[in-house]
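As written, the chain order gives the labels A, B, C, D and E, with residue 1 at the start of each chain.
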Amino acid sequence: MQVKEYKPLIVAFCCNWCSYAGADLAGNNRLNYPADVKIIRVPCSCRVNPMFILRAFQRGADGVILCGCHPGDCHYTSGNYYTRRRMALLFSMLDYLGIERERTRVEWVSAAEGAKFAATMNDFAEKVAALGENKRLEDLRCKK
Amino acid sequence: MSSNKKNLQEELIRISGVNPRKCMRCGKCSGTCPAYDEMEYHPHQFVYMVETGDIEPLLESESLYKCLICFACVERCPRGVEPAKLVEAVRLAAIRKQGNNRLTANDIPALLDEDMPQQAIVSAFRKYTK
Amino acid sequence: MKFSYFPGCTLKNKAKILDVYARKCAEVLGAELEEIENWQCCGGVFTTAKDEVATKLSSVRILKEALRKETDLVTVCSACHNVVKQTNYAIQTDKEFAGKVNRYMAEDEYNGETKIYHYLELLRDVIGFDKVKEKVVNSLNGKKVAAYYGCLLLRPNSVMRMDDPENPSIIEDLIRAIGGEAIVYPARNECCGGYVRLESPELANKKSNNVFNSAMNAGAEVIVTACPLCKYNLEKSGCEIPVVYITELLADALGVKEDADEQ
Amino acid sequence: MQRIGVFVCWCGSNIAGTVDVEAVSEALKREPGVVFSTNYQYMCSQAGQDIIKDAIKEHRLTGIVVCSCSPRMHEATFRKTAAAAGLNPYMVEIANIREQCSWVHKEMPIGTEKAIILGKAAVAKVNLNTPLTPGESPVTKRALVIGGGIAGIQTALDIADAGFEVDIVEKKPTIGGKMAQLDKTFPTLDCAACILTPKMVDVAQHEKIRIFSYSEVSEVKGFVGNFDVTIKKNARYVKEDLCTGCGLCTEKCPMKKCANEFNLGMDTRRAIYIPFAQAVPKVATIDPDNCNMLKNGKCGVCAKVCTAGAIDYTQKDEYIEEKYGAIVVATGFNPISMDKFDEFAYNQSKDVITSLEFERLTNAAGPTAGKLLRPSDGKHPETIVFVQCVGSRCDACAEKGKEYCSKICCMYTAKHAMLTRDKYPDTDVYVFYIDVRTPGKNFDEFYRRAVEEYGVHYIKGMVGKVSPEGDKLIVQASDLLADKQLKIEADLVVLAAAIEPDKSARSLATMLTASMDTNDFFTEAHPKLRPVESPTAGVFLSGACQGPKDIPETVSQAGAAAAKVIGLLAKDKLVGNPCVAHSNEMMCNGCSSCERVCPYGAITYEAKEFRMPDRTTLVRRIAVVNPAVCQGCGCCTVVCPSGAMDLKGFANEQIMAEVDAICK
Amino acid sequence: MQKISRDILVEKAISMLENGDVCSVLGWRKGEFDYDITPAVFTDKDDIKNNFVWNDFCGANFSKYLVQKTRKAEGKILVFLKPCDTYSFNQLLTEHRFDREKVYAIGIPCEGMVDINKIKEITGDGISSIDCGDKITVNTIYGDKFDIDATNVLSERCINCKSKKHVAYDELIGDEGEVLESNRFDEVTKLEQMTPDERFAFWQNELSKCIRCNACRDICPACTCEKCVFDNPKSGVENKAAANSFEEKMFHIIRAFHVAGRCTDCGECSRVCPQHIPLHLLNRKFIKDIDGFYGEYQAGDEVGSRAPLVNYTTEDIEAADIFEGRDN
C-alpha cells in the first residue's frame, strides 16, 4: 500500500501593512517556506473574525496562523491590541475543548522581517505537520 | 577545498561555535591582543585561515600556546566572532592527536615552586593535555 | 542572608588567607557563607570548546548543590568565578550542552537556575558599599591602592555582567568605601599572563611587568586583586609593591584581620 | 453571476520559472464565473494591459483576477487598467503568485499547484465583489514639518515657495540642527554656517512659514489631508514676541557654569541663553534646571536687565491645536553614546572625543574659537588618531553598536584629517579604517587628496585599545597590511561614532502610525519607488530619520518630500479608500461596541425610524460610519455580534469564500 | 423557600397598575405544570391576583424581555429582578438595548431557585402538583408524596451564586444581600486539568447531544441581536441545524465568543437546555480567562463599563504565553 506523504494545509491571515509586506519581503529575498502555507490578505489583523479561523478548520485546514504588526506598530494604531485579546481568548477556548494548541498561532511580523516570516512559517508548518491531520475540528462533510 | 580540509574546518567550527564568516576583517582582535608579538599567526589570521581552510599551518604553530585566554578579542570584536574560541579549538585539534600532549605529568616537578597556586597546574593541564 | 560558598582548591591551600578573610568579613557584614560539601576543583580554566563536557561537570555539581540548598552561590577566586559562571551560562544558552551534562548527572535536571555572585558583587549588590563603609574601623587613610581586575573578572562581559568591562569601578568603589584612594591606571583590565606561566614564563613576566609598571607609574602603593594566580604571577614577575587580596584589605579595614589570622 | 476574466502573468521567468502559467490559466478557466482566462509575459506592460482591456470589452467582463506579483506592487496599476476599460476598479483582485509563490517555492509542480489555489481564492472573492466608489474628503492646505534641521528647513522652504503654509516644530530653542554645529562640509569644504544660516533666515522671514521652536508634537489624530495635531510649546520663560535677542540677559545671568549643549558640553553657557549667534528665532531661553529664580525663587537678574520686559518666570507649557493636510518627519540623527566602547577610553580621557566634538573644536564659534587644542590641557595636539566605524557595522550578537554602516563617517573623517594637515602641517594624522567608503560625486577624489596631497596616514586595521598614560594616549592597533601591532603615542583620539535616529522618533512613529525598522529608522513606502513617503498616507520622510545621509542627499530628499507634499496639498479633494466599514441598519443593535474599538471615531449613532410590518413605526439606535473618517481596519466588524458591521472589499462573505477556496 | 412572599409582590404590582405608575407588569405566570413557570406580561389586576407566581421555580431572567417589551409599551413597565437578573439588566443598558425611562425595576431577594431535574431524580416522572412551602411538597399521579428540602435540589447556578446584591433597581423589597465568594470556576478548573483527549471527549459527548433548538440563544440576555448571525445567509455561518459535531461546536464556540465579556453568568443557557448540556462552562471559561488575563471583570456590574473585548492595554498577555505554566 502506498502511503501518500502527508502535507498539512495552513491558512495564514496577514495584515496588509506589516505581515503581508513581510511575506513579500521573504519572497524578494527568496526565503523558502512550505507551499502548504496559503496567505489571505486582510487590512489589519483585527479584521480576522474568529469565525474565519473556525471556518478554515471546518473546511479542513490543519493549522491557522494570524500575523500582524508588532504591538505598538499597528497601522491603525490599536487594531492588533484587540487581536491579541481576541486570539488569546479564542486559543484558550480551543484548548479547553481539547484542540491541539499548536494548530493556532499569532505572530507579529513587521514589513522588514522577511526572514522572520519565513522562519515562522517553517516552524509553524513543521509543528502542524507533526500533529498530523486535523481530525478534531474538521468537517467531514466538506472534506473530499 | 579538499574534503580533509573541509572536515577539519567543519570540526573546528562545530567545537568552537564560531562562525568565521561573520568576520569583516577589521583586525580589532589583533589590535587588542596582548600576546600579539609572541604569535606567528595572529587572532585575525586564525579566523581568516579557518575560513579559507588553510588550517595545517595553524596546527603546527607555536602561536597556539601563546594565547593568554584573556578574552580581550572576544570582548572587543564588533562582529561577535570570538577569535579566542577558535584558537582554543585549533589547539584542541592539535593536542587531541595521539601523543601530542604539550605537557606531561613528568614535566611538572621541574616547573613547580612553593608559592605556585594549584590552579596554575590544573589549568595548564586543562589547556595543554588531553 | 544565607549563601552557598565555593572557595576552590587554591583557597584551601596557597591562598588560604583569601578564604579566611572572606569568611570573616562576610560574618561581620551579616552574610552567612555556607561551604558547599564535598566540592571538587572547578577545573582552573573554562574550556570554550562545545564538545568538552566532562571537564565542566565539577562546576555543574557546585551549581546543582547550591540549587538544592535553594541559595545563591558566592565565589571569591576570580578564576573559579569565571569557570563556574561560564559553565552556568553554557547550560542556560546551549541546549545541546545542557542535555549532555544532564545525561552525565544522575539526579534531577539542572538548567542553569543558580544565581552566582562574585564576592565583590555580594559586597556591592547585596550588602552595599554604604554598609561596608559603616563597618570600617581601620580606614585605609588615603592609601593609594590600585585595583587589578585582570581578565577573568570582567570578560566575556556577555557572561560575567559584573561591571563595564572596559572602564570598571567595582573594586575602586570598594577601595573608596574602606578609606583608600583608588588609583585608576590603564592596564587594570589587561591580562597578567597567568595561564601561560608554566608554558611561557617570559611572556607571563612581560605581561605582568606591563601591569604593575602601569600601576606604579600611576602612583600606586599597593595592588589589590581577587585572583591567586594574578597575585602569584605579579609577585613572581618582580612586582616591587605589595600585591594583596581584596579580602585582606577589607579584613584590615573592618578590624577583623587579627581574629582571622588566629584561625 | 459575475463574468470573470483571469490573467496570469509570467513576469518573464520570475513566475514562469517555477509556475506552469499555462496550467494555471487552464485550471482557472473551470472556476465558477470565469468566462475567459489567458496568460502573458508581462501583464503590467502596455501590451499586457491592452490584453486585459480588450478582454473586458470583448467578453463583457464584470470582474477580473490578475495572477501576478504582490498587490502591493501592481494592484493600483491593474485597477487603473480596469477603469480605463470601463470596469469598476474594485472588481479587480490580485493573486500573489510571485512574492508568495514562485519566489519562495523551488519546484514547478508545487508552485503551480499553489498558484492555482491562490487563483481560485481570488476568483472566489471576485465572485462576491461589488463595485465600490470612493468617497471624497477635503484637504487642509497646510503642512507640518517635524524637525528644524537642514532636512526640515529645506522641505519647509520648498513647500512654502509653492504657496502653501508650513509650520516647523523644532524641539530645540533654535532651528538649524546638526548642520549648524558643523564647521566645513565635504567634499567642497564650504563653511556649513555660510550655506545654512541664509536658509535659516529665509525660513524666519517667509510669510508662509511659522516656527514652533522649543516645541514638540504631542498628539496626532485624523488622516491624510485632515490631520489634527497638538503641539506642545515648552515654557521658555521668555516672551518670544517681546525678546529682541539683544543677549544682554545671557551676559548678566550669574549662573555661569551650565554645560553648553551646542558645544557638546565642552564649554559653558548661562542659565539664560541663546544657543548661537545666528539662532532662529533669536530669542533667549531659560534652562529651568539651572535657573536659580525658577528653582529657588531667588535672582531675577535677567528680568531686571531686560529692557523689552520679555522675561516671564510664570510661563507655562502651552498646547496648540492645528490642522494639517500633510506631515513631514525630519527628526534627524544623533551620534550614539560611547559608553559601551570604553576600550577607546572616551569616558576615561577628555582627549578622546567624537567627530562631532571635533567639529566644534575646529569651529570658529566653538569652545576654542577654532583653534585645535586638546580639551584636557589646551595644548596643541601633535599626533592625532582618527578611529573609523566606532559602533557601526557591529553584529547584533556583539550587544553593542549598530548593524548598519553610518555612511557619512568616511567622508567627514577624510575632511577632518585633511583640514588638520592643511592648517597644522606639523601634526601627524592617522586614520584607522576597515574600508574607506566613498561612493559619491567627487568623494573618492576628495579622500585621495587627503592621502596624496595632505599626507594623512591611512592604516587598514582597527584600534584595539586606547590607554591614557600620563598626558599621552597610547593607541594600540593593528596594521593589517604590514601585519604588525602598532602602539602610537597620540595627543588626541577622534572617534567616528555611529549615528542613530533621534530618540524622539519612536514615540512620534507611534503617534503617526508610521512604521519603523528595527533600528528605529522610519520605513519608506517602497525602498526604491517611494523613498520619501511613509506607508501611512500623508506622512512623508525627509533626511536622516529614514537612514544615514549626508547633506547633499538630505537636501535632495527634503526637496523630494516637499514635492510630494505640494502634490497632495494642490488637490482640493482627496479620493478616499472605498474599502470602509458599513453598518446594515436592519441588523444593527446599536450596542456601541463598534464605536468603542474604532481608532478614528468614525462611528456615531442615530435614532432611526423603522416602518414595521404592522404599519407601526419603531425608533431604534443604529450605528452610522463616516466613510471619510473610516480607514478600513475592520476592527468594528469583529466586535459586532450580529454581523451588521461589515467591511467593503474585505467582507465576511468574501474572506470566507477565500478560506473555502483555499481549503477545498 | 423564598423569604419574600408572593402577596407582597402581587399587592405592589396591583397598586402600581391601579395608580397608573406603570402600564404593565413583567412577572412569572403558572404554566402547564406547577414547575413550568413562564414569563408573562400582566396588564389586568385580576390576572395578577390569580396567575402571578413567585416561588422556588421562578428562575426566568426578565431583563431580555425588556428589549422588545419597552419598544411597544406606551407607559412604564414594572419588572421584578432577582439579584442575578440585575447584572443582565445593567449589561443591556450599557449596550443601549432598552430605554431605562420606560422601566420601573423592583429588586427582590432570592434564596436560590430549584432544579426540576434534581426533583425528578428523587420523585421520578409523573408529577401532578408541587407546593412550595417550607419544604417543597411534590405529589405524583401514582399517589406518591415527597417533602423535599429546597437546599438539596438547588440548581447548579444557585449553589454557586455569585451575588445576592442588586446592582440596579428603582425600589428594593426585602433585604439587600452581598456579592458572594463562589466556587463557580471549580468545574472549569477541573476541565482545564484534564488531558486534551479527556477534554475533547468530554465536549464531544456533551455537544453531540445538541439538537440546535436554539433555546440557549433565545433565552440568553446577551443574545438580543436584531438578527442572529446564524440566521443570516450572508454571514457565512448560517445554518439552521447542525450537520455534525463540528458544526455544533462551531455554533457554541461562536455563541460563547459573541457573549464573551458581556455574559453576566446568569446561567439561563444551561437552565433551558433540553439536553442538559452544561453550556455555562463555556461562558465561565471565558470569564475565568478574562479575569486571569486582564483583571477581574463582572459584566453588568456597572452601566457603561468597557467590556474586556472592546478594551486593551499595551501590556496584555500574548496569545503565545497563555499556556505558560500549564501542562498538556
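Note that in this section contacts are C-beta pairs under 8 Å (C-beta built on N, C-alpha and C of every residue); 3 or more make two chains touch, one makes a residue touch a chain.
The structure displayed is predicted, hence computed values, not measured ones.
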Touching chain C and also chain E, the following chains: D
Given chain C and chain D, the chains that contact each of them: B
Farthest chain relative to chain E (centres taken as mean CA coordinates): B
D-E or A-E - the one linked by more C-beta pairs in contact: A-E
Chain whose Cα centroid lies at the greatest distance from that of chain A: C
Centre-of-Cα separation between chain C and chain A, whole angstrom: 50
Intercentroid distance (Cα basis), chain E paired with chain D, Å: 54
Chain B and chain D: spacing of chain centres that average the CA atoms, whole Å: 46
Whole-Å gap between the CA centroids of chain A and chain D: 30
Chain B residues counted as touching two or more neighbouring chains: 72, 75
Overlap residues in chain C, where contacts from two or more other chains coincide: 157, 166
Residue numbers of chain D (touch at least two other chains): 343, 399, 597, 639, 652, 656
Those chain pairs that satisfy the touch definition: A-D, A-E, B-C, B-D, C-D, D-E
Residues on chain B engaged by chain D in the complex (per definition of touch): 22, 24-33, 36-37, 42, 44, 72, 75-81
Chain E residues within the chain D interface of the complex: 71, 94-97, 223-229, 232, 234-236, 258-259, 306-307, 309-311
Of all residues in chain C, those that touch chain D in their complex: 157-158, 164, 166-167, 184, 186-187, 214, 217
Residue ranges of chain B touching chain C (in the complex, touch as defined): 14-17, 34-35, 38, 65-66, 68-72, 74-75, 82, 84-85, 88-89, 92, 102-103, 111, 113, 115-128
Interface residues, chain A side, partner chain D - complex: 9, 11, 16-18, 20-21, 23-28, 30-33, 35, 38-44, 46-52, 55-56, 59-61, 69, 72-79, 82, 86, 110-112, 118, 142, 144
